[in-house]
Each structure stands twice: as structure tokens, then as C-alpha cells.
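Quick notes on the structure that follows.
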Amino acid sequence: MTGSALPDWRDSLPWPGAGTHKHARGRLGVVSGKATQTGAARLAARAGLRIGAGLVRILCPPDAAAVIAPAIEAVMLTPFGSPEALVEACEGMDAVVIGPAAGVTELTQANVRALATTGAALVVDADGLTAFEAWPEGLFEALDRDDVLTPHEGEFRRLFPGLLESGREAAAADAARRAGAVVVLKGPETVIAAPDGRLAVNGNGTPWLATAGSGDVLAGMIGGLVAQRMDSFDAARAAAWMHAEAARGFGPGLIAEDLPERLPGVLAALHEQGS
Amino acid sequence: MTGSALPDWRDSLPWPGAGTHKHARGRLGVVSGKATQTGAARLAARAGLRIGAGLVRILCPPDAAAVIAPAIEAVMLTPFGSPEALVEACEGMDAVVIGPAAGVTELTQANVRALATTGAALVVDADGLTAFEAWPEGLFEALDRDDVLTPHEGEFRRLFPGLLESGREAAAADAARRAGAVVVLKGPETVIAAPDGRLAVNGNGTPWLATAGSGDVLAGMIGGLVAQRMDSFDAARAAAWMHAEAARGFGPGLIAEDLPERLPGVLAALHEQGS
Amino acid sequence: MTGSALPDWRDSLPWPGAGTHKHARGRLGVVSGKATQTGAARLAARAGLRIGAGLVRILCPPDAAAVIAPAIEAVMLTPFGSPEALVEACEGMDAVVIGPAAGVTELTQANVRALATTGAALVVDADGLTAFEAWPEGLFEALDRDDVLTPHEGEFRRLFPGLLESGREAAAADAARRAGAVVVLKGPETVIAAPDGRLAVNGNGTPWLATAGSGDVLAGMIGGLVAQRMDSFDAARAAAWMHAEAARGFGPGLIAEDLPERLPGVLAALHEQGS
Amino acid sequence: MTGSALPDWRDSLPWPGAGTHKHARGRLGVVSGKATQTGAARLAARAGLRIGAGLVRILCPPDAAAVIAPAIEAVMLTPFGSPEALVEACEGMDAVVIGPAAGVTELTQANVRALATTGAALVVDADGLTAFEAWPEGLFEALDRDDVLTPHEGEFRRLFPGLLESGREAAAADAARRAGAVVVLKGPETVIAAPDGRLAVNGNGTPWLATAGSGDVLAGMIGGLVAQRMDSFDAARAAAWMHAEAARGFGPGLIAEDLPERLPGVLAALHEQGS
């Protein structure tokens, strides 16, 4: 049950080919919280774009559009007023991130479940997990094996009470089976587990990642790789490693906003090694 | 029908002279989409300014002004409420970019045709092309030979159904003759064709350009060069080459917002070679 | 009464450990002024985040939320409409900065006193001090010894009339005793005094810090360190030194917005020396 | 009538001393245009802050406040609704820049004349000049010898019809005498003339400055130096030289937003030479 060595995902990284069009390169959606809580979605969207999704669109409550619109350029924006409108706005998306600053509400529950009816792979993070604390089955029954849950320990305990007592690796493995999706149990040594039993432990964690918004960036990175049709387990492993590598190279004083801007350097090093 | 060698446009680049005033250096307009869709115009405007247009003004629907205004400094802004008001706002412009995030609507049709009555050279991109899918003659009859169309293959097919069957170069050449304007058929090897039969294939394409907003930047770059009165065919060739060169130097992790900021380096290298 | 040598606080710097979660790393609140005066809070918040607080939240009057929201990403935001709501919004905060651009009003008085009832250590700066000019006891009686006041000489005179006549060091020492809190008397040689008699003089001051917003950044830095549970006297000494070091390395042309972005370099040097 | 060698202003540059407070370092106001035209004031304000004014405040029409507020941090903001309110908002200012994007209106006339009744030195640029085309005496009678006019040739002709026929240097000298203020006649070789007969020609001009907003930055730089109580003639000479030096070091692709960010490098070189 020890994790596999990490660099083996490198050969699966979705580098664009000579003829790759931006649509073919992958379309990522990121669901934003309300007007005062849009920074998390913007961080995730930026990370998803930097890691190579060809198109990234933030889906936001109508009153948040005026906040987000002036703060984005290449990232696109669609307001939505109901779970049904969210589904419509996500037509053609390859992956959608939901949860960062989404609010622990029934609406978030409804939005997650509505998104699960689309063809997009989901990355469910933060409030998207906690919203199902009292009804984890409502989440699990909606998930597919290419979906990804990204709880820290607190969120993990809410969805999978008791599991952590058997240790982080066993807990993550068990959770992935129960949820029927990839589970990324974040921490100093992030554990990534797939429902088919694959398990990995990320080995390059760094304390500089303990900063607000860091998890939003990770969710966006996973979403960006999955949107490019990287296998979700590999995408989660690759993102966890690159996320930490970006932070490690920065050192003290890191804030989450630095992470997407560090990705080109991390990606370039991986690209060169591969060629 | 092979493309001419690219660097021959270098001698035509519009470097300012000692006495060049910003107005003489060229005035570029960029038409913005609605309030939630202004990023494309901001990218194009930034690119046009960086590539040397002396003045760049975004023309926007009234409700988009509050979104754009806080996000610009050197770029200027004029709201317009009708095609007639757009024409008035573009008085004295040397070139205007229309299409990025403009919306596939009759209003976009009307705006393009209204702009064609001004003295400005047009760069018609994206929705500005697709809006004429059902009425290509409505576009072609409005164009002059110094206007530029910048379709990717999907947009090209909508305007010129069937042409691509004879190959990209022949198709672009035929399209330029039909449209009576320069046609930039984007792709891994972008083809540039003039209505007088000149044809070029850009040779430095890179897959890193397959990212949202990349085309908006290219349209702004072409517009910025044409505004400086560079020949439209040469401007399109030069912009396509510099656009790819900017991306190539950046590598993986590139997003469209990086491209205008890379232009000074690309321009400096061209300037030094010329002196 | 000479100040102790400064680098002795270096061993007290709150570096995160392998298992530090962002919540455990410290939660900082920053109270914003009204809608046209939010820059000071954003500067302080950015500095607090850069110096290592795990979570930083701006607390703002309701009408300021639309201004702040588009300008932040990793920093979070909660509007509040009354001192009671402010207290509620600050639940769980480790430290709160109040004063920068807060307004010299009774409401600011009420907000400071309300915050003093929470468990958070306070950093009271600028208008948060001047608001008590006519009622210094109203401030002092609310303070704890881990709270910090950061007056420049003008603000110091308003709160402690006459004290400066005995010299800056004696005045700061006396003020700290009267206020029952750490006093940071800013100036070319900033004096830091604790109510228990500890006294230090910062020795690396630089004139480049005489720029608008510089004090807001210092307040945020102190708050960010205190939020990480660094002793308030040590935090004030460390922040004063790092603040000046960041400016000194930049030189002429420095503006306050540069300071938080210089912190990673300053922190890295301190971190390397310690390892 | 040949210009004096330029570097002789270097000894007059207002470097802050050890005890300089931000208020003592100089307070600059910048009057903004309406809500869609605020970029010019933000460029000027940024330049004034970078060049060393201790405090910089944008004064704006009430409806422009929501646009400017999210885009500034260290720069401050005060809305004003009338010339009288503008005068009140400028109390204590050392210098005020008015004109960039101000609008060619009677209100601009009234604002300029109202500001002339304050103790602040004025830098009148762009629309602040053109607004007096039909009534130049209304401007000249309001000016003091420490005020500065910064016309390009077009604006110069409107205020001083016929003067340019005697050559740029003679024209500037004559204009300065008529206006009773320093005149900066911009161009490839910018001419600076004082009402007392001093005259200088800037020798390091560069065509890269022919870009929108470049003049706004120059006005802010002059204002920033005058606010620090540098002699207005020296300030204009120093600003013209540094403005060109900042552009020259950047080369092709320069936009006005780059200029303030280049000032620290230019200032550092001057500072080192002086020590």
C-alpha cells in the first residue's frame, strides 16, 4: 500500500501537438461563490488555464459577474441563476471544478448533483464536500470514477467519519471505493487514491503551501489536467507534485497567487526532461 | 503557391521616427463584447498598443463600460449605443478590430458593415465572421483590400463552404479573392493570402498558442500594425510570426495574457537586426 | 534603556512546520475604511498574508465590498454593518488590524472597543489611534498586553500629550506602560516598547519608507506575525526591521505596494540564516 | 538661447533625508476625468508617487470614484462635485496636476482657475490647456511662476497662436513670459522655458515615447517633483530627461504603463552618481 513513485505520471502529461486546437486541448469550468467570495474561483481558473486547459470559463451567480468580469482577461465568464442554467452553461465542458467558496448550502448540493449529469468530470473541493456532510450518499451516488474529491482532513472526516482511524492511506483507499471516485486527501503527505485501488503518496510536500487559496489552486490544476483528458488519478498525482514543486521553488513569503505564475517554470522542466 | 520567406516583412515594420507623434503613429479601435465578455477586447487592445499603435481605444456597449474602465490605463474607452454611434466614435481611426466576443448577432453584422463605411481598415475576427455565416456577401461587399479576415478553420468553413477541400493554401487564396480582403487562415501553419494573389505560410507556429484569447491577441497585433499603415498582407505575416515567436519563447504554461508582454522582447530583436 | 540588538527575534520567527495547516498558521483580520478608502486595508492584508498568516480576511463596510472584491484573490472578504457584526465576523481570528483609513469617528472608537472583547490581538494604527484623541482611556482600558499601537509622532502626541518631551525612548516606554500594550513609535529610528519594560530601537530605518501606505504595510506585517502567535514585542521588532530591509533593498522610487512583494526575499534570507 | 546642459538639475533632486515624513516629502493631487476616462489620472498619480511625492491623491468626479477605487492602493482618492469642493479637497497640497482626460469644457476652465487660488503649484496639461483656447488670458492670469504648462505642439498653437513661427525655443521662451509660468513644449526635443528667461532643450528624447498616456506620466512626474519643492524649471527638465531615459532603456514595445515602473531604475542610477 505504499505509494508508487511519482514521476511515472510524467509520460501521461497532456502536451499539445502541432495541430491541437484550444477546444481540443480541453475545456474547464470553475463554479464561483457569491459576489464577495469570487477570489477562490479566479485562483482555480487561472491555475487551470496555466496548466494547459485550452478554455477556462468561470460560472458565477448573477450578482458576482460584475466583480469577476473586470478581473479576468483570457478566462471567460458565464452567469447562471439555477442548477439547470449551470448545466446548460457547462455543455461541452471536459471538467468542472466546484466547491471553492461555494457556500455550505443546499444550492451547492444541487449544483454538484446537477453537474454530475453532464459529461464533464468533476473536481469537488471545499464547500462542495462539506455541503454533503449530512448526506454523503447524495454526493457519492452522483460521482463517476473520473471525478475527483479533494478534502483536507477536516473535510474528509465530515464525509467519511471514522475512516481516518485506520491511517491516512487506508482511509483514502477506502474513501475512494466508497465514493466511486478519486480521493485526494490533502496534508503534508497528500494521499491520492483511485476507486480501482491505485494509491499514491505525494513526496514533495512543503509547509509553504499552508496559505489561503492554495487548495483552490490545486483544484484548478487537477481540473485543468483532467480537462485535457489526463487520467484522473494521474492528474491528481501530477497536480499535487507540481503544486508542491511550485511552492518549494518559491519558499517563504509564498501566497496562493504566486502558484499559477510558477507553473510555467515547473512545466518547462518537466517538458524538457521528456524530450 | 509556396509561401514567400517570412523575414522579408521586417523592412516594412513601422518603427517610429524621431518626430513621430502618437496620433501619427496610428490609431486603433477595438470593439468589445457585452459586459461579461470584455476580456477579449482588452487582450486585443493591449496587443495593439504593445505592437506600436500610438492610440488604442476600446469601443464598448454602454453597460460594459463599468467593467472595462477600471481595468485599463493607457488604453482609452468610448461607449457606443448603436452602429451609427460606433461610426462616430471611430472617426479618425486608422484600423478597427471587431469580432472577439462580439456575439453572433445581427447587431454584430450591422456594426461590421457600419465600420466598413469609415476610413479605417478592418480586422474581422471570430464572431465578426460567424455573424455572416448565412450572408457572406453581406460581409464581402463591405470589405476593402486592406481589410483582414482572421478565421480559424471552423470560421473559415462557415464563410467559405467547400473551399478547404482544395487544401489550405488554395482555399485561403480563393477566399481572399472572393472576399476582396486579406485572409489569415489560422492553424499550425497559418496561411496568409491577399486578394492580389500574394500568399504566405507562417513557418514558426507552436502548439502553445492553443489557448483561449490567443486569437484575440493576434487580431490586435494585426490591427496595431495596420493602424501604423503597414501593408495589410505584410502586417498579417509579421503579426503571425511575432505572435508565434512570443509563444515559442515562453513555452509550456503560456496563457494569452503573456503574449502582449512578450512583444517588447520580440520587437527588440527585430529592431536590432534592422539597425 | 538602549535597545537590544535586533536579530535576536530571528529565532522566534513563526516558520510553519511540516504539518502546519493554514488555520493553525494564523488568522488575521484587517478592518477596511469606506468605499473610497480601501487601499490601506488591501495593503495591510497583502503584507499580512505575505509574512505568513495562513488566512487573511478584510472586514469592510457594506458599500466597500464591491470595491474590494475584484481586487483580491487569496485575501478573503466579509462585509459588516455594525460593531456587533464586526465582532461576529472576527470570531476565531488570532489578530486584527484596525485603523488604516478607518476614519476618525465614533464608529471607529466603537469598532476598536468591540474588537477588544474578542480573543484576537489588536494592532491599532492611524485613525484607530486618532479616534481616541479626546478619550485615550477609552482605548487603553480596552487593550491587552499583546495588543500593539503603531503611532507616528503626530498620533503619539494626540494619545500621550507631553510624553515626547522626555525623549522618544522614554516616551515609548512610558506609553506602553500607560496603554498596557506594545507601543511602536515610528520614525527614522522606530522605538518598540512593551508594557513589561522591554525596549528596542530599530536600527535599519531608511528614508525610502516615507511614502503613502508604508505604515499600513507595517501594521499588516505586525498583525501577520502576531496572528502566527509570535510574541507581540518580538513581532513588532521583527516587522519594523523587515519593513525597512525590504525598502532598503529597493531604494529610490519605492512605493508601498512594492513592500509586500519584497518580503519573500527578506524572509528567505532570514530563513536560510536560521537553517 | 541654446539649452543648458541637462545633468545640472541632478544636484537639485529632492532625495528624502533620514527624518523626512511622508507629508514633508510632498503632497500631490491629480484631477481625474469622468468615469470612462480615469486611466490618465491613474498613470499620472502612479508616476508622481514613484518619483517621490510622499502622498498622492486623485480628485475625481463623484461617478468616477467606483472606477478608480478598486484600481489603486497607495494612491488615495477624494471625489469632488464642484470647483469649490475641489479647492477644499486640495487643501495642503503642494502640487496638483490637472488636464489629462479632463474634458475640454467650461468646468475644466473653472477647476483650473479654482485650483490657482490654492497654495499648490499647478501642472496644467492636455485638456486643461485646450479648455482655454478661446480665452488664454483666463489661464495666464491665474498662473504663478512655479506653475507648469505642458503642451505638445497642437496644444501650444491653440494657446499661443503664431508663436511657433519663430522656432520652438523662441516660442517657448515667449510663451513662458506671456503665461508667467514654466512652459514645457513637448516634442522630439522638448523645450523647457521659465518666465525668468531660463531655457533648456532636452537632449535624450526617443520615439518610443510616442504612445498614449506618455504625456500623462510626464505631467505626473513633474507634479511629483514640484510637490517635493524642486524648482519648477528644474523639475520640468529633470522629469523630461528621466521620462525619456525610462523609455530609452525599454525600447520598442513600450507603453505608458511601463514608464512609472522604470523610474526606480532611473532614480537609482541618479542617486548613486550623486553619492
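Letters A, B, C and D mark the chains in the order given here, with residues in each chain numbered from 1 onward.
Keep this in mind: a contact is a pair of C-beta atoms (placed from the backbone, for glycine too) under 8 Å apart; a residue touches a chain by one contact, two chains touch by 3 or more.
The structure presented is a predicted model; accordingly, all values stated were derived computationally and were not measured.
Asks: How would you label the subunit A and subunit C contact, same or different, if same means the shared numbers make up over half of all numbers there?
Replies: Different-residue interface.
Asks: Could you work out the angle of the rotation that brings the CA atoms of subunit B onto the matching CA atoms of subunit D, rounded to the nearest 5 degrees?
Replies: Here the rotation carrying subunit B onto subunit D measures out at 90 degrees.
Asks: Please flag the chain sitting at the greatest distance from subunit B, going by CA centroids.
Replies: That would be chain C.
Asks: With chain centres taken as the means of their Cα atoms, state the distance from subunit A to subunit C in Å.
Replies: About 35 Å separates the centre of subunit A from that of subunit C.
Asks: If you average the CA atoms of subunit B and of subunit C, how many Å lie between those two points?
Replies: 49
Asks: Among the residues of subunit C, which are close enough to touch at least two other chains?
Replies: Touching at least two other chains: 66, 70-71.
Asks: Once the touch criterion is applied, which pairs of chains come out as touching?
Replies: After working through each pair, the chains in contact turn out to be A-B, A-C, B-D, C-D.
Asks: Given the complex with subunit A, which residues does subunit B contribute to the contact?
Replies: Where subunit B meets subunit A, its residues are 35-39, 42-43, 66-68, 70-71, 152, 187-188, 205, 207-208, 210-214, 250-257.
Asks: Considering the complex alone, what residue numbers of subunit B touch subunit D?
Replies: Answer in residue numbers: 15-22, 24-25, 49-52, 54-56, 65-66, 69-79, 263-268, 270-271.
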